[in-house]
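Below: one structure in structure tokens.
Just so it is clear, A, B and C label the chains in written order, and each chain counts residues from 1 on its own.
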Amino acid sequence: MPATTAAAEKLLLQMVDDYTTREISPEDMPMDAAGDFPAGFMQKLTDTGFLGIMLPQEFGGAGFGPEVTAAALNHIARGNASTAVTLEGHFKTIDQILKFGTPALQKQLLPSANDRIFAFSMTEASGGSNPMGISSTATREGDHWVITGDKIMITNGGLAQVYCVLVKTAPKELSVFVVDQDMPGFSFGKREDFIGLRGTPVGEIVMDHIVVDNDHLLGKLGDGGIIGDSAHDDARILMGAVLTGIMEHELKIATDYAKERKAGDKPLTELQVTHRKVADIAMRKETTKLLYQRAAQLKAAGQPYSEEAAMAKAHGSRAAVSAGDDTLQILAGYGYSREYPVEHLIRDARAMEIAEGTVEKMRSAIATAEFNK
Amino acid sequence: MKIVVCIKQVPETNDVTIDPVTHNLDRRGLAGVMNPFDKNAIELALHLKDTATDDVQVALLTMGPDDYAESLREGMAMGADEGYLLSDRAFAGADTLATGYVIAQALKKVGDADLILFGRQAVDADTGQVGPIVAEFLHQPQITYAASLRLSGKNEVTAERLLEDTKQTLVAQLPAVVSVRSELNTPRYPTPRNIQLSFEKPLTIWHHDDLDLDDSRLGQAGSPTIVTKVYAPKPVKRELTPLTGTPSEAASQLIKALKGRQLI
Amino acid sequence: MSKPELWVIAERRLDHIEPTTQQLITKAKHLAGDQFHTVAILFEATTDHLENELTAYGPDEIRVVRDDRFPTATDAEHADALEQLVKKYQPNSILFGATITGRSIAPRLQAKLQTGLTADCLDLRFDDETLVATKPSYGDNIMCEIICPDHRPQMATVRPNTFVAEAADGAAEVTTDTVTFHPVDRLQVKAAVPVVNTATTVGDASRVVALGRGAASEATIDTATKLAEKLGGRIGVSRPLTDQERFTHDDQIGQSGNTIHPELILNFGISGAVQYLVGMQDSQTIVAVNSDKDAPIFDVADYGYVGDAPAFMSALLAQFV
């Protein structure tokens, strides 16, 4: 790695830490309580250039690579997982436009990704695990496509202005188009009232005869499955990073508390039962970190990373829930109280056993990859 | 208009410990970061650059080892135009007097600065002395601990300065030296893109021979002060003075004590 | 042979003497013993008599220099005047208060004299004629002793309220002297106005009245509000009180609230849980009132009263003039 790249990456993480400490962490509890981020929060994040961290410089972004981008989300998640997940949804979408969009589409859309949030939507009411079950369609009319359908549970749904949507272009053919909230026929639907990641808007979009040019197709007709899988792969690395951040937060709460709290006249740090819990939390954190860093490293090197990315998220999501559970137990009554952050960290982590592919689906992907070796 | 902001790099945390064997400060593994107060000075310079009608150039200057370049880059990522690094073994071990001397000589070489800005103090040594020393060496007026500053005319700035319980308003004809309080502003964050682009901005490194220097005034040799002992403070075990009697009696004992401490 | 001089530079605070000056005179007298001649250096206007606020602390000499430009003189002008006196008397050591003013003038003088200056000292002693100054650094986490062996004068700024001013017997000799005032026209003090109670948050306040579960009634809070006003401070609370409508998280002291370092904190009805203590134990003067004599808050307090918090608070307020 050139010396300037390493120096720039160091400065980036330093800035992210500083921003997280001062601007993001203080909003962690309020966001959970309010079920939203506070006014001005997203604007400031945007003005500070967070949306362009991994966007190539030719589109006005900073052009940081996959490893440091994941590390940046990891550092943000130490203070607040919701904000990190909002960026995760944005980055994985940009990644697909970079991989599958035509140069003309990239040039048209990507400069705006510095100040507009992008989202990727596959899930519909019929179910997220089975893409063939969707009913949204795109129909060709002359040299245009007309898109109709209803997408739910989209990370950043309602907040994002640009959406990659998975639709059927034939009964057995899945394709992905890019639509913009300014297009006639586009509207927002219901926002989910989820139990975790409550600072991440997750919502619905309704597409009623949206007309798009042919160049708004990502890849080729029928590439929908591939693009969807690719979006998952990219998202899972980042989620591994977010989960690691949650566990770092949990570990800090657990150790700080154990050092101060006395059981009788001994601090909790002298109890075997505490040792076991803290060691487990630390091991879960570290294994997840190694997994996501490994996947990011493979991605940066241009090698396959799908299986490793799935492992990072599959392992990390349960690990963070369990680590949260152990942390809660160390804090006991305080851990169970909504006044302290532990319980919401568990709820936050729990989302990642579902979003970007359920753990069941990931396990089957990992197992399939192993059978094919 | 040309503004030079002097910055220092400091350990990222103040949680330093003493090596029990050597009794030296154990700074191993402590990353360096820009002195946080210096960001307020940079922000002031950038604010003047953003709002002034004529062109404002902002340069950063630091004396220290080569890794201080990181802080120069950070400042350039915030928006400064260029950086100067004064780096030489001969500068090492300087106290504030010897530091001020090298900085003043370098500022003469940079030339034509209308405004020279300093942070209120470095968070490690906590002296706040370098700014006034440089001002004296350059024979310039100084406004220390400025709580606000604006351009109030051609070649003129107006600043407010908060003393313990007095607010002064000062007007200075430029050039002048100013050190700033942290309440002055909230420093901007360097954006990720500007972090990358900062590596394309000019960074000039000056060694000993690039400056006009009297060697007897450099580094350790040019430093009148010597640190003879470094130790961890004993935790202040407070001496509890009981207040006794009725609430009224106890209250009058307290008032007397607080008066003695000049707190009321 | 006359004794070497140990100087305290008197500082003006509006129309009075800055209290640190008096504290430094007391300390200088202790340091001097028979070895040094202690001198307070005072710059004032021709009609001023600020020396009257110094005599009670008993320096050997108060050397007054009068010029009507002194009250609004700038740092460089002060440093210039001091340099003239230093050249004339060659003092062994010079002490300044580490106030904004002291910390601004002292380094300028240091640069003129090409000598050493130790900042913000918490302790001073002499080894023979060498001043050993103890200063904190790294945010008070480390102490160092600093000397200036080969240059004179030795200089130090000393943190306010480090030493206690004590009246002393013996009439100080008041002498007058003159310097040439060299005005620096490029910098002018246009106005100086007193500022009172600028604290808007508990974190900014230099005096804090802290309330806990044992001092939480409406009436007690009202009394506390008046007390805080009298002190020029703010109310802060322990966590349980943030449940009350009139307090928010911003008022909370402690691990999950604000970490504060006021000059003075009065704790009423607060037990002193670790999470509370970490937020305030670095305050300069700590007072605790609690009905439980074993409450941990007393472990960090300078003054403690075991008894009813509301009653003590009312008594205290009543005695404030």
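Operating definition for what follows: a residue touches a chain if its C-beta (ideal position, glycine included) is under 8 Å from a C-beta of that chain, and two chains touch if they have at least 3 such contacts.
Computed from a predicted model, the values in this text were never measured in an experiment.
Trainee: Can you identify the chain nearest the overall CA centroid, using each chain's own CA centroid?
Mentor: Centre-most chain by C-alpha means: B.
Trainee: Counting only C-alpha atoms to place each centre, which chain is farthest from chain C?
Mentor: A
Trainee: Find the geometric centre of each of chain B and chain C from their Cα atoms only, then give the gap between the two centres in Å, rounded to an integer.
Mentor: From the centre of chain B to the centre of chain C is 22 Å.
Trainee: Report the inter-chain centroid distance for chain A and chain B in whole angstrom, where each centroid is the mean of the CA atoms.
Mentor: 40
Trainee: Can you give the whole-Å distance between the Cα centres of chain A and chain C?
Mentor: 52
Trainee: Spell out the residues on chain C that touch chain B in their complex, using ranges where they run on.
Mentor: Listed in rising order, the residues of chain C that touch chain B are 13-14, 18-19, 22-23, 74-76, 79, 99-101, 103-108, 110-112, 114-120, 132, 135-151, 160-161, 164-165, 184-196, 207, 231, 263-264, 285-287, 298-308, 311-312, 314-316, 318-320.
Trainee: Enumerate the contact residues on chain A facing chain B in the complex.
Mentor: 4, 7-8, 10-12, 14-15, 18-19, 48-50, 52-53, 57, 60-64
Trainee: Which of the residues in chain B come into contact with chain C in the complex?
Mentor: Residue list for chain B touching chain C: 11, 14-16, 18, 25, 95-97, 100, 123-133, 135-137, 141-145, 158, 161-173, 176, 223-233, 238-244, 246-248, 250-252, 254-255, 257-258, 260-264.
Trainee: Show which residues of chain B lie in contact with chain A when the two form their complex.
Mentor: Per the stated touch rule, the residues are 33, 70, 73-74, 77, 189-196, 198-199.
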